[in-house]
Amino acid sequence: MHMADALISPLVGGTMWVATAGVAAYSIKKIQTEMDEKKIPLMGVMGAFIFASQMINFTIPGTGSSGHIGGGLILAILLGPYAGFLTLASVLTIQALFFADGGLLALGSNVFNMGFFTCFVAYPLIYKVLMGKGYSTKRIIVVSVIAAIIGLQLGAFGVVLETLFSGKTELPFGTFVLLMQPIHLAIGAIEGLVTAAIVTYIWNQRPEIIERAASGEAIGNASIKKVALGLISVALITGAGLSWFASSNPDGLEWAISKTTGTAELESPVGLHQKLSDLQSKIAFLPDYSFKAPESEAGQGAGEGEEAWPAVSEGTSTAGLVGGGMTLALAALVGAGISLLKRRKYRANS
Amino acid sequence: MANIMNSLYNMRLLDDLARQETIIHKLHPLMKLLTTVSFLTVVVSFGRYEISGLLPLFVYPVMVFSLAELPLKPILLRILLVSPFIIGIGILNPFFDQQIYRLGGMEISRGWLTFLSILIKSGLTVTAALLLIASTGMDRLAGALRMLKIPRIFVLQLLLTYRYISVLMEEVARTLRAYSLRAPNQKGVHRSAWGSLAGQLILRTFDRAQRIYEAMCLRGFTGEYETGGFKEIRVWDIAYWAGWMLFFVAARLYNIPMVIGSLITGVIR
Amino acid sequence: MSHHKLEAKDLHYSYPDDHEAVKGMSFCIHHGESVGIIGANGAGKSTLLMLLMGVLFPSQGEVCVGDVHVTKKTLPMIRQRLGMVFQDPDDQLFMSTVYDDVAFGPRNYKLDEKEVETRVLHALELVGILHLKDRAPFKLSGGEKRAAAIASVLSMHPDVLVMDEPTAALDPKSRRRVMKLLTSFKHTKIITSHDLDMIYEMCDRTIVIKNGEIAADGVTSEILVNAQLMDECGLEVPLAMQNCPVCGSAKE
């Protein structure tokens, strides 16, 4: 359920980046005050393990399919929430860089969706609370499944909200929710079962690992509240700030608002188009050329409760096609030219 | 499993590519990171119906590809493989938005336009991220992160994860091979071995972390890691970033293909 | 040069599960000596190395490097003088390039970057892998990894090199290369290994460990040929010393 760069708007991506950076900074501070430098290599190697564990297909009994471990919950259980969150963050960073899973702008959202909800919601509020009475095989299974499902449901809902606020797809909210949530119910159940099997094994072999992760992590209500409050305020402030900046360039959020309120969105900056039209009128040999004029069209669109659609005449669309082709050809030419020059240089040198 | 081994191969390839010495490789990693982020922001800031305005941005990956002398095939293959999620979400657009749009005499539904727009954005963003790592490398990128004041602990841990991916992948692969040799008719790991197989791998990972920690301590590690000096930012590095910024902003503000196209069609008329 | 000696006095160590791994070991290693430490699996070799390096602290007895006792306080200084090469180079090479790995130690001692560079390049040159300095450790072959691990210790300018199975998992040529390299160093060397032929060639003195105690300590050429002692300690006479496997004729 990686959120992709192509589906996110700068506003949503930026806001989620700030929220994630806030949680990460808080986690780093927590680890530093615990003075547990032993954890640094452990976090690093466990991150690599989460990667490698994707190779293991856990066969689901009774079906032909198999599942994987996602990582957030098991990391929180084995390393504690702070170290777990940071470890997952570095795993996702490497995935974004090397495998283009997600993307750099969407990284904040992905870390938040997969790390925050598991390490700071499912683990402390579900797993630890339900597990409070002590470990037993049965309880480990039930609690892990519940925690994994809740963590994944929240994460999946995060994906839905972020995608909708970004406004790059046409999917209606209801359809998207009905698409995402049930799939992640199944995924969550499997993840919970696998997590439970692993935790049970480690609990039997080396109980001190799980005890160490659970203790010392003073997740009192106070600190959770502080995190949550801090996060919400930071997200609000940046959201407000970014919307203000973005107001001249209406994008995702406004699209979502316009979708719900029925008011129209402006596809591109109005002022610019005016400038462009001015410029165009000055260029005499282009009399027929018509720039798209969203302002006038938008007014009509709003009347019908329909979203604005840039007015496109036959002429502009042809111009667009021709120009688009030319641009691509030009880009290809530049690349080919550089490669040719380089090759010649090599030949000259050798 | 073959797929994952492919990923490992891919990681090593990117690492090799990053050790070349071209004009792009020699640029300051921080400026390359900033350029990439600026590029991504501009790409995704385009509206969902936009296609022609996105096209000039192809110049950036094309230039970096050729200047950094990177092989097209493996990276393009990666892009094709990436994120079924995007296509999965995007392919639904044509079903939800069937308004007709006329394009040069053809009639297509608007949903296809938004789908195409998503595909183009996906191609551009994925390429940009891969180009960054293929021309910079993880170690130099980590240096750039340190310059951005990302805490040492996180950077060190990120590098450790990167470093041990191949070690642990080989370890997991060995274990799985041993499992499958004695369980010939199973596709995956049976439920009865879920906990012990993965659990033992985790315990071994904990032991390895302990040994690494000892190796670090024996060489004077006290929780603070010194990264060494930073590479100096030259005027040329800043010029590189500034130049691209100008281009990105121009491409965002002016629909370049429209201008070119109208020039041509206008002249013909 | 008394400050170069390494002394263990009546060392005892028990693990948290009450298993007593080291039961009263004493020995003194002098400057420039090459000492092999051998013993069966579980005899206590690794625990002994950990005690010498100050990773573990003895429950009784003490370790002295020169005139300094190994305690928490003196650790930074001790560790600068004792360099340990781990059995698995993957545990020791944890940075993303060979250069950064070799620089890790000197940087932790807050040397300025110029000095760090000199030391790194020198160490890499000594082990003959200067050309690999920008490589990622996972791209190296087994022998190259071993050389890099040794360089990562040499850059700290230690007086004593402590090595855990330096020839493990190497092909014969790489093994020979590592042995040649180690012989060329003038450092005091402490080597644990099951590669008895290597010990025989490289170490003048050998300490045999059995069940956490020292079973023998003396000249290598006398200890390793003592078939009865070797057998009792779960070892055997080095292949190079055994009778010819084809004709059965004894070595002269």
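In order of appearance the chains are A, B and C, and numbering begins at 1 in each one.
We take it that a residue touches a chain if its C-beta (ideal position, glycine included) is under 8 Å from a C-beta of that chain, and two chains touch if they have at least 3 such contacts.
Bear in mind that the values here come from a model prediction, so they are computed numbers and not experimental data.
By the count of C-beta pairs in contact, the leading chain pair is A-B. When every chain is reduced to the mean of its C-alpha atoms, the one closest to the centre of the whole protein set is B. Set against the C-alpha centre of chain B, every other chain centre is closer than that of C. Our note on geometry: chain B versus chain C, Cα centroid distance of 42 Å, whole angstroms. With centres taken as mean Cα positions, chain B sits 14 Å from chain A. For this pair, chain A with chain C, the centres built from the Cα atoms lie 48 Å apart. In chain C, the residues that touch at least two other chains are 94.
Residues of chain B in contact with at least two other chains: 138, 159-160, 162-164, 167, 208, 212, 216, 221-222.
Along chain A, residues 41, 44 each make contact with two or more other chains.
Remark: chain C residues 50, 53, 55, 76, 79-80, 82-84, 86, 88, 90-97, 100, 103-105, 107-110, 113, 116, 134-139, 152-153, 156 touch chain B in the complex.
Interface residues of chain B, counted against chain A in their complex, comprise 1, 4, 7, 10-11, 14, 36-37, 40-41, 43-45, 47-49, 51-52, 55-56, 58-59, 62-63, 65-67, 69, 78-79, 82-83, 85-86, 89-90, 92-93, 96-97, 99, 101-105, 110-111, 114, 117-119, 121-122, 125-126, 128-130, 132-133, 138, 141, 151, 153-154, 156-165, 167-169, 171-173, 176, 186-191, 194-203, 205-206, 208-210, 212-213, 216, 221-223, 253-267, 269.
Contact residues on chain A toward chain B in their complex (touch as defined above): 1-2, 4-10, 13, 24-25, 28, 31-32, 35, 37-38, 40-49, 51-61, 64, 66, 69, 78, 86-87, 89-91, 93-94, 96-105, 163, 167-172, 175, 193-194, 196-202, 205-206, 209, 249, 251, 267-269, 272, 276, 280, 285-289, 291, 309-310, 312, 314-324, 326-328, 330-332, 334-336, 338-339, 342.
In the complex of the two chains, the chain B residues touching chain C come out as 12, 15-16, 19, 137-139, 142, 159-160, 162-164, 166-167, 208, 211-212, 214-222, 225-229.
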